[in-house]
């Protein structure tokens, strides 16, 4: 497999979302325009294409909108998630009743544009840190209802996933520490509470906190809003003891310097909450 | 009422979404970190605040996450949708069990950040076209599952709403015209099909098409990808006969010139598909 | 296409309802009678037929019950929505396991009978006003959960649709006017609030109110409970300025006189809330 | 307890339906008219009233629409299900935000009108057979999704309930008999299949079939489409051996004669599939 | 048909449960292990087999998990519900993508093991009372959400079903009698309340109560926690007047003596709430 | 906090299940018996009690059934999850309308009995291995739809949780190894695929496999079906390199010897798939 290491999502994970999106668009009366204008037996073919170049993600999920609306639609994928597409490249060809083609168009494109947007932003950030060996990881700052898909798009972009939710790892933040009365009680309570497969990560703001965290044997340290210099020292302290993750206000411009400190991971919320959509379109061949 | 003309959304329209977002974050085991570290009877108070200045939207919907997770949470709104907030301004104060506060935090902020982001982008674009009297309208290029909320955020930003779905107005695009065999049959079929409360809008690419559309008496013409000069001529032709809407590749930079042509509306997809989230945070007071 | 201008409803719009209706009938233990008595491998064929003459609506939606219960059922439609059927006419032939045939029978017939009932009542009312050119339109007085289907049945009967819900047009009624402090503020607030594709209709009780409404430029006037004479005068006043809709206590007997006043539309709640079901049946061929 | 023997329905049985009906009416954008025109803090009071006299059913279920839309609404019931109301009688008084009052109005009235319609029709039919001691029972010919509520309305009208679904009793019809190869195998298989709490009813068309059914010891015989004379003889044959139920084309006109034959029950599908709605309204006091 | 008298459950009754179980197992990220390790195009075949001998129930429902996860999976059943399987016997063979095979494995086996466990326990208890002619019946003490399936498994084990819920028969227990002020008012109110197809069962603790119950003509008496001697006397009193059901602390050891008293039925809660799962497994053929 | 380290489950995680269980019991017609016999205004009080001694789990979740059915019910918990209760001990007192008390009784008890059953079985197994320091962990062999609750009950019994689903850790089993062509490719692909917070566990059958696993640096080794002697050697090999988990046919009798080998964890499927329910009851005080 070239490109990122990606499994195809089981339809169970995206079909309810696509169905809700179609229902949201069809409303109570369905597609007035297509129903009024197009004969029911008119067939058409259309290309789903990228208007701008980008990284593909969610192609199967997005085009399932055509099939969920109308089981007679044929969908022929021309590329796959995790690949790059050039401007104008055809990503899929869809054939079937013209009404269904146009009625599902917007739902399919809305989902595809968003996921390709996340993947493309991720790919570009991955590229700038690649020389330093740091992984780009996403956060839980995702669109309500779209977490599984957006995390998948991050992987399609070459990034790696952080927690999928509050229940799959412990991440002790400053608020937890403050409310628990210190790093030690927080870490000890967490260790006593969770199962043997759950890792513990701790957010630290200073090298003193980092030393305390390393003594307590946490699995990962989240180095929040540190200067490049402090980061470098923190990485050196943590080496061999815990994985290091840098976060806080990192941009494509600052990322290379952060990566150069030797941190294992750089986590970035804006991959999922602020990536612009990739421009994708449906080109109907009459 | 100062600011935009906004109704509060009925909870029926957003609670299912907020519930799904909470379930998505809690997963099967709930918030491991807070449950492990914080005593169940520890109470806390926190401010929801804007880290950057922006236009507020979805405050009640977003903070409902605290109440939906835990009915004992108190939520005290300090501002309201449609108002501007300064950097660092407190938008709401939330009080209750510390565990619930931290467990619902991300769900609330994810929704709030996104909707304020849409509202802020809209507000800024509205401001640049205001001198020319054009309305900024959104499109159906919305996040799957969030259409009602994102359309509401556009209103909170001072924009106006285009169709909410395929069923509340007719919008005849180039593909419909091509498949129908011309503008005339498309418009006539649409008029015969729909009820008396449904308006008909037609996309035109040229002044010739515009003239045909005006002869057919459509309610709105969508002037797609026209040059400023052509737009100006189109507006002049349509005056008193149909509303005019400009669309296609419009940016904050080009919008004033477009507005200056006298078009009634400018529609912009990126308000909803590519607005960056506003930076919002939860500040816990220990 | 002969008959009314009808699109086929996408299954997304009716399958959840049909599924709920089947679940409601099967309960927890399924069809005790058929399961007990009929061998699992017994195949049968049955005709869905109209016992009385009427207008067909919902044939595809209703017979989907057989397929949703049992994916191996074959459904062969013999007519289509919007056509008239004579007494005894076969509307569809269904083949498959005898158990599935009998278990889905009632669900299919309940839906079909109701929708054909609405369509037939509508057709008959349309016929009596046809000479005068008035359209028959339905209201929001629909069965909870069945609005999309009942509105569709009205179209199948040759009627036209009014609002599908509170969100697709403005209809200012007497209560709104009273609470707003007058017609003018009500209309002005509505116009400021809604998007460019939303029409505004106003209910008026007198010619004075009508004149005020016309001055304000509303799109449609709802002439409520007016005498024939007043209606005629109202139509004359509104001509060329707004569409006119008559409502209030209209019966098949009074409808021709109302239509003769020249109103554009006559709206009737009882099409959807009080139409008797058409008598439809399943005739099994052993 | 005066009037029919009625329990109040648990909200679990009707709230999902009411919620769906509200969502169906609010659509994506909510109540444009009320939101535009009425200030958010305007309170109002309104009476739910019967415009025509009738039997009340579903008052609590229907008015729950106000509370489900807006938890601050106060609902004050003035009568109860199973009672008669005179024309113009106030059934409930509702107070709260004017917007919520008007937004939930149609949902509440649609449900109330339908259920009171069923109850009123039932009451009237019960009255004409009362002198003969026959019970009026409903069928499974109910509106999709509304079975529990319509069956309850039949009880509110003084009628009695037949099966709620395919799973709570055995009813062997002509098709089952034909497909099973006779009455005897059908009854014997049913008896072997079901639990000890399930009764068995058999449809018979002739006195010969009746005799066979009685020999087999079924609990109830459904006497379908028999003449008055045959019915009388059937009742006499079945006396002390099985309950008797008459069905088939019974109208208010023919019901007394049917009842006079001494049958235990008369089942009528049109109570639920063809009852006109009772005219109910909301009278807002400004 | 050999074995118990069993209909196949319609998929509508179990698919939502299987879907929820799959979603519960897949979580947000899907099957990390299979997705990481197995190539997407690798096909495999596996046998679903019984590791221990037992009675089969739910085979079609359980294996539907493979098909619901992945529509391309082929499922080939080798036996059927209601039959016995020996240790090591292959129950079904499943073929398709290796990923889907392993991802759905646990969901399928969890359901199958539980239902076969209930059926096997039931079968064994049925066997020990068979010489005495008593039926084994289950109770409402079922797993939340699984009642229909567990009741079906009891039938597959040769048992019979008691009530499926609170709504399909009347069962008057000691608490009802105490709160109603006696057996007589309780029975009379029940009879007045329910339809003609609903049977009435009464729990009695003593022979005096039994005599009162029989005088009132209830359909079934539940003889709760009686000694063998009292049971025998109760059966003798009730003969020809009401069905008798013994309950209360009955074990496989005590069941034969209870059955020997001549009771018609013995009801046992632990069939559904405490049966151990049958050991079933998936054997992949590489 | 004495007893196990337990957070209270958020209602969002169990309310949908409790609601479905109530709907399953109420069916379409509700509680015929209580509705018929008990006056609507009769109040009662009842104790939820343990008939046999055991470990409590799910008390709040189970008793929520009373509140979900009827918002006026008062629930007063007398103990809490994770504590032991003696035979006859009152766990909670519930007050409110007698009808609601009896209608929700079975739903509450079914859930409580099952979860206490799991917790009690776990507690007893934990006790026998406690002297050796091994943790008892559960598996994914849970009841469909109840995983989160059953895993929580295991914690209430003093056990620890293994994976909640396929997505929160990697567990490479024999089938994966066989299909991947060896342990090394399987582990390497898994490591390349997952995020930095995901642990990798590998099932091994022999000491040779174990050595290969340890060389590859997996986090946990699952020692499947090994003899006590081999287990002891495996533990010694793995010490300091990976956590060790024993599984396969472990019973309360064999568990102490397994624990004595020094394994870190013993995983047992029957805690969740075969624990008998604890006997719990509702004692109504008239």
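Order of writing sets the labels: A, B, C, D, E and F. Residues in every chain begin at 1.
Just so we're on the same page, a contact is a pair of C-beta atoms (placed from the backbone, for glycine too) under 8 Å apart; a residue touches a chain by one contact, two chains touch by 3 or more.
This is a predicted model, so every value here is computed, not measured.
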Note: chains that touch chain A and chain E both are B, C, D, F
Identify the chains in contact with chain D as well as chain F, in label order. A, B, C, E
Let me spell it out: compute each chain's centre from its C-alpha atoms, then which one is farthest from chain A's centre? D
Residue numbers at the chain C-chain D contact, same meaning over half shared and different meaning under half, come out as same
What's the distance between the Cα centroids of chain A and chain B, rounded to whole Å? 22
So what's the Cα centroid distance for chain C and chain E, whole Å? 44
CA centroids of chain A and chain D: separation to the nearest Å works out as 52
For chain C, what residues touch not just one other chain but two or more? 5, 7, 24, 26-30, 35-36, 103, 147-148, 161, 164-165, 167-169, 189, 192-193, 198
Taking touching chains as linked, do they make an open path (line), a single closed cycle (ring), a hub with spokes (star), an all-linked set (complete), or other? complete
Can you list the residues on chain A that touch chain C in the complex? 19, 22-23, 26-30, 35-36, 40, 68-70, 99-100, 103
Using the touch definition from the top, list the residues of chain F that touch chain E in their complex. 17-18, 20-21, 24-38, 42, 44, 98, 102-103, 106-107, 109-111, 113-114, 117, 140-148, 164-173, 175-176, 178-180, 185-186, 189-190, 192-194, 198, 270, 273-277, 284, 286
Where on chain C does chain A make contact in their complex? 5, 7-10, 12-13, 147-148, 151, 161, 164-165, 168
Using the touch definition from the top, list the residues of chain D that touch chain E in their complex. 5, 7, 135, 137, 160-164, 167-169, 189, 192-193, 195-199, 201, 219-220, 243, 245, 264-265
In their shared complex, chain D is touched by residues of chain A numbered 24, 27-28
